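Here come two complexes built around chain A, the first alongside chain B, the second alongside chain C.
For the complex of A and B:
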């Protein structure tokens, strides 16, 4: 079985040298926070993940949660690990100090999230989605809700869920049928939700469901949906949460992967109606839901990074052990010495590093927004974060599919055998381009809301940043050439989109992927610069810094070049995509 | 659950109009064989597959074969389906008439294979690999072996297996340790083989294992390996095959997919030594093995086509049923109407069609070789077949990964649930780039043996064929432009390789994929021409022919454009791929 090691040198390099986190802390007078501090915290997180979460990763895959007497029983030992996770304070890292959080930088929380997801993605989905519940209540909840729920959710004593999807309402939330009625001073919720991650379990004292539902007088469509807090246990008169609410798990899904994470069909109000508490105002649920969703989307991008890094490590270990053939002198060869195996390892290495650069960069944008005192600046940071969110989710998770597939390919036949462990990464990772909005939804969001709606203003900001890097004399010539070429492609892609907004849905995915490769390429170019500078100073780890340069060069040669094909497909527009009738699609079989 | 429909119109178009099979039959005076005849046979094959194999596809996934009292018990109902397959004569289609085969064209056998693999890949692996045993005995076996084994293998009463891999000898067969000793007029085999597909089962009366082993006096390495026939049951004095040979299945692998196909660890000679019969001459086993392997490699390419077509059909059905959202007039929308879903459906459609064109084209090359009376011509057809084999295997199976992933993506969250059935295609398909030589091995074969060794002579032949098509006035301008551009990339790729043979292993995969896109693009361009011509004649199915044109155009816009990035990565060579030391690879975690 593979074991996870924290890639602490690359993490530290990204935080310290690529993102200049120390300069950010200093400029914003954030006391006690700097790269040295994050390194200490991350080392502790890595210790916990390696010793407590990693050993349960394959266990969760094999010993699924089960539904017994109406209760979901999670994989053995998950509860103990969760309680330790809470006891060590990992749940509350970046949450607001007002409700017991530690108020640390979002960047640190992203870096920790990478560790949790690498070590055990199925387990770590639970706190990841709980974050969404915290965000929704913190931003939009009443004082009562904050007081009753926030501290317990932040500490992790209670977990949170997001209840959006119904059988006929997936991508289209306007079709939601779950009902809420106001009766005798209370909201009562009834309906069924599907695909509810960690919808029930015994790891925590209470589960706080955030549920989208429709009031009787609600307008049709998206503007008639409200958000409710529906706890598994309600408070008695003494304020003890021990009264069962009318909520239960009907069944568990049998999934391709993330077996350790129970995916529940949840039923609300089978008896008298589940008691719920309105979040914010009636009919504004979709807006609040996006508060949860955007955080979760970036988190899913980080899951891609986490599983990619882990899969890379497994492949690298195998390639350095597995002997096949010998050289002319008769010495046994490890497969790491073969050109095509090496190509796949380098692709995984540089792919994971590019995702890390992107995810952490986007993570720090949220800290910049938070730290800024100027409302204009705040708005600009928020807009860049919004611009980056679909890229973090849609690009990282698509690239992840290639990374985990490479990991299996390096293992050859052994990889196809479940015991080896790498097949689990392939199965687990496959959900990432689907949940929290498919890649198609990310791409639509990116083209429509994040490009066309602001007339490409944020795209322009990003292009200018990239152009500035391209203009630096000290940038390696080959890297510069590759980045310039990708930037030119991105520019033409933006122009095409602005001139042909009616083609947006057909070209959206290419447009998103092209930007993903380009922004990550920009960050890899900056990393190349930073590594070169550190090598010149001569105080760093030469081996690591040299690999960083090579990794950036590999990225330019093997990933960044893909923008050309994206642009070519964008320019083809939607003619061949859309010209067939539904009947014509079946003309080869009918 | 999804059901399979034979894409008979596209199959017929490829055979009749793209490949001009009737002209081939006429030129070569092949009596009674033409496109009308193949259509009749294929309709029968489709009927059998739809009614007998397809219903067992998910069953095989869920009810794995089990090992009980030393015997492998296959999935219930597989045996009855197999016996019906044999009774209907499907096993013997293109085998030599001398030993009871039907002597039909290889192209027909490829087209049938597509049907079997679409309907039930795990089941159809059994006869597919049996073909390898037939080929090896037919080409290299003694008269005794032919007489004793060939008729039963050809009829399908007995099945065949290929025993190559051992725990320490996968890609590197030189490391094989299984021993053969000649003792008292008999060869006795002992050793363990792993990953033996359908190594044991109860569907047939006997199983004929083709086993690579080493004689005591054998030279070291690849030149010291011999090939043996080792039957599960030996003949008694009356010639009845009912004496158990010293062969047994030790265990079954727990795999990611193709669950219905038992993958066995086989042990030979645990007691007295398994009795084996030498195929051909001693120490020449690797050469004979390639006779089996090349057939199997093209067959695996066709498996990719089969599962891609099936996955496409499942996605198309779902997209035409699933409602999400509504248009401005309030009419419910099916997801097939969404641009990004449509893009994925078109990609699956045109991807499967491109694979079909390539697999069938390569299949007919073997018929051309067979039919030719000139030895020069025969050699040239054989050389083109050899050139095409790694492309059929390595390109089709890699593209298949994308196709099945699209099928899941179209299904969204429902696709991740096993009951839907599409997850099985993803799991099944993942073996295709691994077994019968990984993509890396195909790519090495293609660059080294199929390009560098003949100084790109066969590549040149292919480029001339493509150039001829590009020169045709009647070719659609956009298609011509795209094909010309890909051809120019391929040319430059060949030049790079000839000038930089030392970089072959680093660029091999890109070189292979670039050629795959280009050759398939050429065939799609020819298909566009043929469809246009048929539309002009006006006697065909206009709906089908129009979709064919669109599908070819989509291929040019979305797949053929990928050659650019392949060429860019080829030109980067191996510097960034190979420059890290093994220690440096670990420098981010150590």
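For the complex of A and C:
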């Protein structure tokens, strides 16, 4: 199997030329930060990922974590890699400096996340979730919670988990049954949570579980759920965290992929109740969870980018080595010379680059929100971030399925055999459209909350940005034509939705995908512009820049055109989707 | 005691090297560059000497164009205290580099200078030895272990067929072999700190060295591509081919 190579030239191009990160740093007086320094940081992250995390990826797939005497034992060597990750300070990248973080831009955390996820998705889920716990406590926790937990979570000495799902409460969190009671000055939690990623392991000294539970006097539904911090180990009187809390892992799930990441059934309060600490106020848990949603969901979008890039690299190397057939002169042919293999390689290349442009763009929007001093501007950046989130998650992870499938296809029969490693990417990637809100949920969020609720105000903002790019004389004619056409489709899609809100749920996924292709297409058009400009200046890497232009053109011809099909299906509405009765679905077998 | 450690910017070892079409050299245009792996080992050894309390300061030095400051920053991120960049636009042969380094040694007065035994681009394996001759310092080359005891250094050298341990009087020049240590990764906080560490630039003129080239690179050619094999009918034909075509048996 080949080893991971950081696509540093494309990453640098996106940060430096597409997003103009230097101008952002200058405008916001972010001292000591620019594209050059970003490249230095990412190069070191990539070195670690390539040498330490990527080689463990297949190991995690083959040597699953096991549950032994109530303890989850993770894949061998994962603990050492995790401790090294912590020792090198990568866990603390974007967290606030007040608690030992490095306080770096969210964009850097997105770019690093791509690296970790490319190298080892199962492993990197652990720190990704820790990030959620950090944000929850940082934003909503009491001073006591911040003091006790933040520094250790930020350094990575402790890891964090998110406990939302229960057997009867998946997408519908209102159905949560886990109980919290206030007893003798403390909250005690009891109940069972499922699908808890990295719910237990031996890699860190302590695990901080964030748990959604219901207090006895809580109102019914979503507004009656509170958020608690439940540590695996509680502090003794000396402040040392060595008293076992009443929480344990009951069993591990047997999954299709991400085998290296233990998915736990967690049981709280089997004995006298797990001691928990309320985060913020009672009954506000769902609101707090929502405040972390942009970050968490975009993080999954970046996972899609990471695994797409990694699978592409595997396919590319294979296609350049594998010899099949020969030309008329009798020269052996590498499969990279065949048209259809080329098509798939280009699709993976262009698809991954489009995802990168989108994920990084959305990541910087969050920085813009953070950096802004005007409350109006802040609100606008926040609204754009919220608008982009379901697109980053729902579009990138769906496209990822196609990308990893191509990677397997390029490998032919060998790809279906586990030994090549590419099958693992297909299996691992499959979870991405499911967890942290399925694509269906992203599509509903996007149509209902992000389009209908604001009467398409944010969609309008995005359309104006795209129209501005389309109006530029220097934009390549073919790219302009393709982008204009997609923009017209998006406009009509928005109009249809506003006029037919009752159809929203039937057309939601098409609507979301249409926007995904369009926004990413806009960014690819901007990339084309930037590459052309750099070529004219003549000081850059001509080989890379010309390649980038071709990649953008391919995107227009092969991906951006998909908006037409999306729009056609949107316009068809829900008639054929909904016209069958449940019984009729069985008419071919009954 | 001060440690001086040298750092060379070379083509990244992962890059598939391409020779320029006119055979004038290796194509370095827009190619990923990195610290020479043997220099990484040298930097690591210097930092370990500091961590062990033997060295008090680690100074990294590099000779070359402006871009080699990137590699000096890496050395600073790994733990060097300060850096010296000797600016030289043209590619210098080893003797010129050694002469420039000798001037830096004269100014800095290090107790030990650690160099990579060779750079993976030119594979010359001579700068350390030349520096030793120019400075009159003892040399321990191909080191797989370095131990400092007061005014003596024990250097274990990787020689053909075994190890040789020599005792040298300080100050010394050491060149690193692969097994000396395993270089660390730069940590994020140290990368951040490295930005603020001093990096001093010196010119060839300032150091008072006259650059004189003694060798001229005539051509660089890639290895010949491997030819497809053939099937032989019998042992006699095989022997015949080995004898007359491959000329590997007499």
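Here is the rule we go by: the second predicted complex is superposed on the first by the 590 of 590 C-alpha atoms of A that agree within 3 Å, B and C clash if a C-alpha of one lies under 4 Å from a C-alpha of the other, contacts with A are read in each partner's own complex, and residues count from 1 in each chain.
In this section, contacts are C-beta pairs under 8 Å (C-beta built on N, C-alpha and C of every residue); 3 or more make two chains touch, one makes a residue touch a chain.
Remember, it's a predicted structure, so these values are computed and weren't measured experimentally.
Student: Chain B or chain C: which reaches more residues on chain A?
Tutor: With both complexes superposed on chain A, more residues of chain A are touched by B.
Student: May I ask you to decide whether A:474 touches chain B, chain C, both, or neither, giving the answer as first, second, both or neither?
Tutor: A:474: touches no partner chain.
Student: Just to be sure I read the superposition right, which of the two partners does A:98 touch: chain B = first, chain C = second, or both, or neither?
Tutor: A:98: touches no partner chain.
Student: Would you check which partner chain A:170 touches, where first means chain B only, second means chain C only, and both and neither mean what they say?
Tutor: first
Student: After superposition on the shared chain, which partner residues are touched by A:340: those of chain B (first), chain C (second), both, or neither?
Tutor: Touch status of A:340: first partner only.
Student: Quick check on the superposed pair: does A:195 touch chain B, chain C, both, or neither? Answer first, second, both or neither.
Tutor: A:195 contacts chain B only, not chain C.
Student: For A:88 in the superposed arrangement: first (chain B), second (chain C), both or neither?
Tutor: After superposing on A, A:88 lies in contact with chain C but is clear of chain B.
Student: Once chain A of both complexes is superposed, is A:270 in touch with chain B (first), chain C (second), both, or neither?
Tutor: In the superposition, A:270 touches no partner, neither chain B nor chain C.
Student: I'd like to know which partner A:205 touches here: chain B for first, chain C for second, both or neither.
Tutor: Neither partner.
Student: Quick check on the superposed pair: does A:240 touch chain B, chain C, both, or neither? Answer first, second, both or neither.
Tutor: Neither: A:240 stays clear of chain B and chain C.
Student: Under the contact definition given at the top, report the residues of chain A touching chain B in one complex and chain C in the other.
Tutor: 5, 8, 541, 543-544
Student: Quick check: in the complex, which residue numbers of chain B touch chain A?
Tutor: Touch residues, chain B against chain A: 5-10, 165, 168, 170-172, 174-175, 194-195, 253-257, 313, 316, 320, 323-326, 334-336, 338-343, 345-346, 349, 401, 405, 408-409, 412-413, 415-419, 423, 426-427, 430-431, 433-435, 438-440, 443-444, 504-506, 508-509, 541, 543-544, 546-547, 550, 553-554, 557-558, 561-562, 564-565, 568-569, 572, 574-580, 582-589.
Student: Using the touch definition up top, name the residues of chain A that touch chain C in the complex.
Tutor: Spelled out, the residues of chain A in touch with chain C are 5, 8, 32, 37, 40-41, 44, 47-48, 84, 87-90, 92-93, 102, 541-544.
Student: In their complex, what parts of chain C are in touch with chain A?
Tutor: Spelled out, the residues of chain C in touch with chain A are 14, 29-30, 32, 70, 73-74, 77, 185-192, 195.
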